[in-house]
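Report on the structure given below.
Chain IDs A, B, C and D follow the sequence of writing; residue 1 opens each chain.
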Amino acid sequence: MDYPKILEEIKESLALEPKTGTVASYIPELAKISPNKFGMHLCCFEQGNFAFGDSRERFSIQSVSKVFSLTLAIQLLGNKVLERVGIEPSGDPFNSLILLENENGIPRNPLINSGALVIADILVEHLERPKEDFLNFVRKISGQSDIQFNKQVAQSEKDWGYRNAALVNLMKSFGNINGDIEEVLDFYFHQCALEMSCEELANTFMLYANHGKIFGTEEEILNTSQTKRLNAVMLACGFYDEAGEFSFKVGLPGKSGVGGGIAAIHPGNFSVAVWSPQLNEKGNSALGMLALELLTTKTGLSIF
Amino acid sequence: MDYPKILEEIKESLALEPKTGTVASYIPELAKISPNKFGMHLCCFEQGNFAFGDSRERFSIQSVSKVFSLTLAIQLLGNKVLERVGIEPSGDPFNSLILLENENGIPRNPLINSGALVIADILVEHLERPKEDFLNFVRKISGQSDIQFNKQVAQSEKDWGYRNAALVNLMKSFGNINGDIEEVLDFYFHQCALEMSCEELANTFMLYANHGKIFGTEEEILNTSQTKRLNAVMLACGFYDEAGEFSFKVGLPGKSGVGGGIAAIHPGNFSVAVWSPQLNEKGNSALGMLALELLTTKTGLSIF
Amino acid sequence: MDYPKILEEIKESLALEPKTGTVASYIPELAKISPNKFGMHLCCFEQGNFAFGDSRERFSIQSVSKVFSLTLAIQLLGNKVLERVGIEPSGDPFNSLILLENENGIPRNPLINSGALVIADILVEHLERPKEDFLNFVRKISGQSDIQFNKQVAQSEKDWGYRNAALVNLMKSFGNINGDIEEVLDFYFHQCALEMSCEELANTFMLYANHGKIFGTEEEILNTSQTKRLNAVMLACGFYDEAGEFSFKVGLPGKSGVGGGIAAIHPGNFSVAVWSPQLNEKGNSALGMLALELLTTKTGLSIF
Amino acid sequence: MDYPKILEEIKESLALEPKTGTVASYIPELAKISPNKFGMHLCCFEQGNFAFGDSRERFSIQSVSKVFSLTLAIQLLGNKVLERVGIEPSGDPFNSLILLENENGIPRNPLINSGALVIADILVEHLERPKEDFLNFVRKISGQSDIQFNKQVAQSEKDWGYRNAALVNLMKSFGNINGDIEEVLDFYFHQCALEMSCEELANTFMLYANHGKIFGTEEEILNTSQTKRLNAVMLACGFYDEAGEFSFKVGLPGKSGVGGGIAAIHPGNFSVAVWSPQLNEKGNSALGMLALELLTTKTGLSIF
């Protein structure tokens, strides 16, 4: 596969695209990012790494972090995680309270906000020093010991986090949050405020393309079966109410964040991360979606 | 892969399972089927065919037929089909009117009842002799020239088809049905009344594992890209509001029907069909789901 | 009370109002009506009748007829009517299917479309010649032997009645329609196609201000308790999802129709009917609502 | 009207009723109340006061207090209150978040929890010492200078108030809460923890039967128009999703609370309060509803 040529073509195609999306502005820290940032990093089992643009600049990974917290929760509790959160696509916007109310406080899946808050609650309950331990876990699976929470972003999320506070209070009223509400929210806002580059995200996501083992060290984080299932959840639920569209056009398990990042994998073949802060109306990176669609079209590599 | 051994093990495991589901009884013709029927047929590219039980007995394929009507619609109209139906999982029971009402009569996807009715409307509009032409299409892709509609089942579906009539009338009120309501329903009820065996279903579904070409003749029905996308839709939407669960546990694109049949594929590897009429509370074959879960666990072959 | 002066003031106030609403256009027959028609007729127990404008011109009373069909159903079956229809305000648009689906096919109340279709089903079941008998009932309580269905309107309603067909099919699927769907719809479309003038409506509605007795002949149609309850249902449910607004601003039990008519009563004091075809965004006559608000403000007569 | 005899009959009827409801138990303080408490107090313009049972024992008035906070908000801001809260019945349980989400954080009406929280926010914003000033207002309109908040109940509401916290956070996310969330909730929980007897409630509610003037002193709290409108809101929205039922069977504006109290009025005639802690499945006092139904049946006095 001539990856250098394919990435060059993708870069050229995207340069011609009109910029139509809008940068997330619900907190000032995200609104400050230049809308023109664009980076892409591809990590292949056989042929190594390929990248272009701002692929080494760290950005706020936001909801992409939900994959990491879910990974850690599965490592700690296995299938017991599923007693408190479903695995069905939501068919509703990412922060909907409606489904929660109709389903007795059990979130539809762990990759929407409510589900990620339950995962946060699990981690707060089972980790000794939740934020530090989680950060160390991400440092381990990424191989980057200097990954950090952006404290300002975390604070800003908290200052404007009324909807997440509504979600966690509602679930607490149904008995599906065990911990202290403030502590769970604090953990969640920090988790979302992780900063990583495309290169780091792609390297970390190799874990999910590599049957649950860290690429390079081959240390097992999840077993094969757990990894497959997590990939299935990413495919079905990783893109809010655009999951079907992404699966249809791209055909890879992945996860997006409102910071404009997307990471995705093809089991046994590659992992990939893109970053472009302009979001489409569903809250996913517009150019990022397109870049990945071009990638699977040009390589012919989707899981279907 | 030792498929004979794997199928033998599946057969033995299922024999030990308690029978807990209920046979579909909304029409008398389905209620008459023996709950103990069970058949399975696996069709591999490399190693040929393997089967056990009632794998050659024809049964009412019901919603599995939605894959065939969608295939024909895509063949006729390509992506234009998507102007009238979405591709997102529904997160709601298969015959829900709620989503239709909230989304101006555009069904969430073509594999729920409302979506399949829109596809039926498209076929009624574009085929000269809709029922005959569709039947001939299924005969061609299956290679079985004696496949038939069960007229009694079609009539019974019609006699009890008030909810489908509600769906089609509601969509007509939004302008998303062009044809005559009675004709669209008549086509749809016939389509669902197709009878095929596990062997025939598995052979036909090889089309979707074979990049859109009929297995054997290699005649192209869909192109590679169309086939991938249809597989993505099956994975996301093929099991009503249990699609996430199926994707999670089985990890294959597929489609179920209330007659107790399920067909699924692994691109480039195999197709498989199972039949057991006892349904779980979501309307999918209980043992069928389990058989496919065992198959992907034992073979290690899921798409993730 | 100086009613002539009050009506004169209302007439003058309305003449100064900007005309902002839109005439119902879902069927051609209604769209043809001049938007400038306006009539008002007040019928008092003590002081007799007062009117102005087009108060003697007949128009399509549409949903106002639901009060008459409900009256007849209560006369025939008493409280048994309530086994098949609720009495709670709907909080949703008049033709919503959502509530029906969530409540097993039991309409929220008898004055929304679904509820009126259940009442139509009851009348079709219990009347020998449903349409004729219902027409004769309306002729009796109005004292007008020449009241007619407009056959063209009824036909047009039928030609465009997909949403009502959806409602009745959905309820049939839940077992809450006993009769033949076509017959129920035919009855309903005729009922809605009744033509009456403001004068005739006001005279007929005196029944509800007069404890259930026809004003003049004093023949009892409903008993006192039944009449009170029907008035309570009109107040809570007579104006679709604007019932609270009407109750708040006008404070009288009443019923509106998309033909632009509204009839209302003050028990023991008066009945009133207005007609202006321009509807607000909730489907109620804009000027009609205002006229009644002025009436209760100027007379000080609301039920609160 | 022979009120003593009527009340005696009601008392006897209720004694024969099976006790089927359940005492509110979501906070320990309410669960401790004897389920057999029953009191009734009727206050007539012409004939004075009549009572029986535990009519002088104070209990937690809970949501009945929403009428008093709304009264004070209207006194302070007039119709501007309606810019932030609707006046339509909700058709959903009293603490539903669904409607809020669909309507951009504007509660359906001021008598459901979300609406009362907006009213609380208004009072927190406009009163100098919110809790003290509100308490003094209730003392003034009741003529009882020793009315108190039950601090333990307020604290307990707070300890278990996750759903109310979810509501207020959700509305804050839509910009419909101006104040500090903790302060608004603290005010609301205190307001709900007011303790009054049937006698005191009936005397206070005379205000709403008396065109907005305190009965006795004739001091105007609301004007006639405001009072009528508030009464209309009570009729439409005072009993959660049983408002239609109450209006149908009782036919009086009123308000219930989960402490088992109900207060209601007939404009120009009487006010009445009942207390029985056993609630029906809608959260309204079962015997209280029945007592009021008997009262309007026996007196023939409903507003319809």
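By definition in this document, a contact is a pair of C-beta atoms (placed from the backbone, for glycine too) under 8 Å apart; a residue touches a chain by one contact, two chains touch by 3 or more.
Because the structure is predicted, anything quoted here is derived from the model rather than measured.
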Any chance you could name the chains that touch subunit C and subunit D both?
-> none
Fraction-based call for subunit C against subunit B, same above half, different below | same
With chain centres defined as mean CA positions, report which chain is farthest from subunit B.
-> D
So, what's the distance in Å between the C-alpha centres of subunit B and subunit A?
-> 32
Note: subunit D sits from subunit A at a C-alpha centroid distance in Å of 47
CA centroid of subunit B to CA centroid of subunit D, Å | 55
What graph shape do the protein chains here make by touch: line, ring, star, complete or other?
-> ring
Touching subunit B in the complex: which residues of subunit C?
-> 96-98, 101-102, 162-163, 165-167, 169-170, 172-173, 181
How about subunit C: which of its residues touch subunit D in the complex?
-> 86-92, 99, 108-109, 224-225, 227-229, 231-233, 235-237, 241-245, 247-249, 251, 253, 267, 297, 300, 302-304
